[in-house]
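Note that chain A is present in both complexes that follow, paired respectively with chain B and with chain C.
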Partner chain A sequence: MMPPATAGGIVAIDGPATRISLTRRRRRPGEAFFGTGVAITGGIVLVLIGAMIVFLIVQGLPAMRHYGFFSFLTSARWAPSEAKATVTTPNAYGIVQFIYGTALTSIIGMLIAVPLAVGVALVITEIAPRRIKRPLSSLVDLLAAVPSVVYGFWGIFALIPAIRPVVDFLTSTLGTVPVIGAAFGGPFFGVSYFTAGLVLAIMILPIIAAVCREVFRSTPRDEREAAFAIGATRWEMIRIAVLPRARSGIVGASLLGLGRALGETIAVTMVIGNSVLTINHSIFSQGATMSSVIANEFTEATEPFHLEALFVVGFWLLIMALVVNATARAIIRRGVAV
Partner chain B sequence: MSDLAVAVATFRNRPASRRRRTKSAVLTALLIAAVVVALGVLAWVLVYVGIQGFGALSPAFFTHNPPGNPSVAGGGFFNGIAGSLIVVGIAAAIGVPLGVGAAVYLVEYGRGRISGTIRFFNDVLIGIPTIVIGAFVYAIWVTRFGFSGFAGSLALAIVILPLVTRTTEEMLRLVPNDLRESSLALGATRSQTVLRVSLPTALPGIITGAMLAIARAMGETAPLLLTALGNDLFTQLNPGKRMSTLSLQIFDNAATGFREAQSRAWAGALTLIAIVLILTFVARYFGRRVRTAGDR
Partner chain C sequence: MARTSTALRGALTAVGGSLILAACGGSGTATTSAPSATPAPVCRGTTAPPGYNNGVATVPGQASSLSGAGSTFVAPMMSVWTSAYATTSSVQVAYQSIGSGAGIAQLQATTVDFGDSDAFMTDADIAKGKGPVVQIPLVQAPVVVAYNLPGVASGLKFSGETLGKIIAGQISSWNDPAIVSLNPGVTLPNLPIAVAHRSDGSGTTFIFTDFLTKESPSWVTALGGPSTSVGKTVAWPTGIGGKGNEGVSAAIGQTQGGIGYVELAYAISQHLTYANVKNKAGSFIQPCVQTAAAATVGITTYPSDLRVDVVDASHNAQAYPITGLTWALLYQNQTDATKAAALVNFFSWVLTKGQDLATSVSYTPLGAELQRLCVGQLRKVTLNGSPVVS
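Up next, the complex of A and B:
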């Protein structure tokens, strides 16, 4: 017989449910129907991801055929609006500058968000008094609840005026240094890679913080106490008991944030300036990312191969997102709701 | 452990020196500064949108459509608000049941490698850029049937589905096995056990997950640009036609450069934030009950 039910409340159970094999002599058709039904819904996820890859390739195929599969990745010239384009001599569609924009904005976002998120998570798990831990995490989670379009709008009207003096100072000092100056040169029009990176940092901070929180929480209590017992200060406890175990978790969390940054669209579209023609080297200049060019040009793409080329951009974006997210998930395995 | 062993040798019988204590205090202060920055930005966003939005809100905002000329003051986002409710409503009607079904499969039926694979790709799908989801729905639906509110719903359903699967799965795993075993022992079939025991027990948590997913879908803009397209001036309640949503209208009006349109967009942003935050808070309220019930 089974053990008696535990008294009161729900008890969390780890691990898979015990399988009870019943004899299936009188298995009813309804049972099979239900079982098949949920199995199909379970399979939808796999079908969706497979279909996304297939359909993006199919839509982009005419352009891939015409220009060559990898030609998009070797040119940074995107000129959909050039006159005199025909089906036989269409405009140039190189996407390197979008990959550059996506990478640059994501890196700026990560450089800012990762240290902040790790700090926030450490405060929540190690430093804050017990009573304010839960409200503090909820507030940080709220950052993730604000819609992307609102961040973009706020970015244009609140963030850009606020950072303008700082950036103007940087372009006039760092921007004039001989070698690295090119990366920090002006003029600054407000919308830029840097602005987009800042907005991305705000948007991915709560995601990274949430994962780090779970990772830090899993540090064994004894090790923290052992660290304190041998006379470590609080920082030393964090450094010797918490951080070493959390290294891979932090990497996974950062990759998850990177995955989100790569694909973030609307907020970036609103603050990056959508300059598609070529790579702009200064982080304070206008640019475009893979997602922003799709959002910005998709419904106006009437030139030959323009729409198809946008699907090619979407295809590579999907591949990047799949790789980054799969790696992140493989590292942090599972169990953090973001 | 090895780090700890090294540390033992370093610290043994030595009270924290002033230098070490100062270092700890400075770094603690830096960590707290990170929290101040994060919460400061949150407050900045909410207060800024609140001030701009309240200044632009009026009763007419909820009952009128935008004026034909964007530089004219007044009007509202009635069509967008209605569109958002319809598009997200249909998306939830598609995405939530499928997500719950997938979670039931993972917890109650699936085993071994297949469910592991599904779980993994479900997590991956959560991270797929929503603009790509929009492009996908454009490819499978819009190319055949044209831009429509329903196409937008399909895209948002793909946003909702994996989120619901994830939370429902977690909630179903909290249902004690004793309950399932008792139900089966009484002669209930597996599907009866799922429908009458597992799902009802996990229901509050499932509702929380669904509401958080719906809140997320409410704020989505990018996939709708490629599917629902927007329909700025007219009230369109038929999801078979192109439709405006609140998020699309904020995006369009914010970009016009007319002060009047921007102030409508601020009112829209405040409305959208309010909807999303209310959904989030109500969901958290349900969720807190679940969590206390699940505390060990």
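Up next, the complex of A and C:
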């Protein structure tokens, strides 16, 4: 509703001026140069993504041909040492457990990071006194500047010892409950899906908080004041003026965070335990993600089809990330339109 | 140079000594116990450098630089060699520590002058390259079984079969009767065992799984047979994967109840406690420079290409069984005269003077018989068909 009105307004007021600038643009070589340059940079990005997909497919093709395109998605057993150049079934490179690991760690990360990020963004935009808004805001942004290998280190040497008592309590209580106990069973050795999810939560917090902050900030002043005018408390104002408007923005921000969580490699590799053979059901047991198995194994992938299978993992990871990003974009766009 | 290496060795002994003292002090309470507070007699003191001087005559006209890539297992040793060699010969040797498998791949692609692997190249590996390969063992080193048990010092005893069951996940608690019966008098806690292993492909893994395959039928069965129970990667049934020797040592150090395998130098530098392992003669042997040296004593027949598996091969009473070799890999027929000369000169130095530096970083010099055969390998190197060494 808004964009057409604005565009129409500009045309109505600046009609003649626009026409003049159009004719000038044709004459000036600088304009043409700039236009072409921008088009080329945009084109390069498209070509890069296309080339990357083609590259992954081409590199993974021998393995896909040998085992079948979808056979990687129907097995949860990764055992390169059992692969033989002449044997096609069973596929020694099942990747379901990596998809599971990537999804599980990302979900744990999101469950923790999204509420936290929304809270942080609300504090920054609505609640904190002006004096500490800015420093708080830059501190959260600073979290994004910490290299992921440092998060991994921190996870091993600070986070794991800190959460051990809590997790030990959970495994001895929740872990003994029938049915759901399997998902919370011990023993807990520190590195696990859960630890990786925690580290991811802190890593994706800044991007979600930053986008939410901007979304909350865009709430029109009129509506805030209208809420206060009808006697709303600050919390009620947030509930009736800020949050409803921001819903799609929050979803979009979360999906951007999810995009980062899906591909995060080094920090996760350091704290997930790298158990690649199959799915371990407890969230407190060791596992692996799609990116961690690539990081761990590509240097010495010497078994038959081993390297090619890692490219297949990379291919599906890229597809997963593209789908998430496209969804995020669609939701944000719909949000703007509404 | 000799003075430096002596100093280094002295420092290392001091570190080892204080480590043992610390362990002894820590286990002085009534409820805990140290299996062996002092090193085995064979591991005490320092070993004399072998002083080999049977290298080949220096080939003139050598290149001023060489590039190599491969094993991370040998990387600490290689960095000592390359820096010492640069000062004595003014030849720069750049070694990339990227893993044995990657080293073989780089040699096959001829992007390096030499490769290095802890598992020798098979015929299939060689067929993927550009011609016959000369494989030269460079140094011996033990892979140690390190663990993290509060109140238990170095020297816990393991047999190959017990280790195999632990690593396969069939023994999951530290007070399992199988471990207790091997260690009378040691109070073992009721802790779950956290197995740590390499997550990347590794020559260290090859040496360790080679030992398990030879000594533990349970391990072989659990891994589905002797062809899949040994390798640079195996299908680990359980445990925590760590990247590199440092990743595994961190996992062990951070986890109470942890057990895993690392190269000796890493265990020493990370202050890990480590086990005595039962050898073929039935004795439980502490890993050290001396017992790793004993691991090739008594092996008298080597194949002419030196593709020999020394893991758990010696019947010597003092041999530490999980001792492996690392091989330098170079094309038998070289096409660049200066590179060929530099390669032969460098490895001739490594096999003679270089061996004296091994103990400074906890590696073990080659035994005399094996060293003589290794020097012989250098004479096989040719330049466009004619021998480089006259």
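Note that in this section the second predicted complex is superposed on the first by the 282 of 338 C-alpha atoms of A that agree within 3 Å, B and C clash if a C-alpha of one lies under 4 Å from a C-alpha of the other, contacts with A are read in each partner's own complex, and residues count from 1 in each chain.
We adopt the following convention: contacts are C-beta pairs under 8 Å (C-beta built on N, C-alpha and C of every residue); 3 or more make two chains touch, one makes a residue touch a chain.
Given the structure is predicted, the values throughout are model-derived calculations rather than measurements.
With both structures placed on the common chain, the touch criterion links A:Ile156 to chain B and to chain C. In the superposition on chain A, contact is made by A:Thr299 with both chain B and chain C. Once the two structures are superposed, chain B and chain C can be ranked by residues of chain A touched, with B on top.
Contacts of A:Ile132 after superposition: neither chain B nor chain C is touched.
Contacts of A:Pro115 after superposition on the shared chain: chain B is touched, whereas chain C is not. Of the two partner chains placed by the overlay, only chain C lies in contact with A:Val191; chain B stays clear of it. In the superposed model, A:Ile180 lies in contact with neither chain B nor chain C. By the touch criterion stated above, A:Leu143 is placed in contact with chain B alone, chain C being left untouched.
Within the superposed three-chain model, A:Asn274 lies in touch with chain C and out of touch with chain B [touch as defined at top]. Comparing the two interfaces of chain A, the one with chain B and the one with chain C have residues 156-157, 270, 295, 299 in common. Looking at the complex, you find that chain B touches chain A at residues 1, 3-4, 6-8, 11-12, 14-16, 20-21, 23-24, 27-28, 30-35, 37-39, 41-42, 44-46, 48-49, 52, 97-99, 101-102, 104-111, 115, 117-133, 135-136, 138-140, 143, 158, 161-162, 165-167, 170, 173-182, 184-185, 189-191, 194, 201, 215, 218-222, 225-226, 229, 247, 250-251, 254-255, 262, 265-266, 269, 272-273, 276-277, 280, 284, 293-294, 296. Residue ranges of chain A in contact with chain B, taken from their complex: 2-3, 5-6, 9-14, 16-20, 22, 28, 30-31, 34-35, 37-46, 48-49, 51-52, 55-56, 58-59, 115-120, 122-124, 127, 136, 138-140, 142-143, 145-154, 156-158, 202, 205-206, 209, 223, 226-227, 230-236, 240-241, 244, 256, 259-260, 262-266, 270, 291, 294-295, 298-299, 310-311, 314, 317-318, 321-322, 324-326, 328-330, 334, 337-338. Against chain C, the residues of chain A that register as touching in their complex are 78-82, 156-157, 160, 186-187, 189-191, 269-270, 273-277, 286, 288, 295-297, 299-303. The touching residues of chain C, when paired with chain A in their complex, are 98-102, 104-105, 192, 194, 199-202, 224, 228, 231-243, 247, 250-251, 254-255, 257-258.
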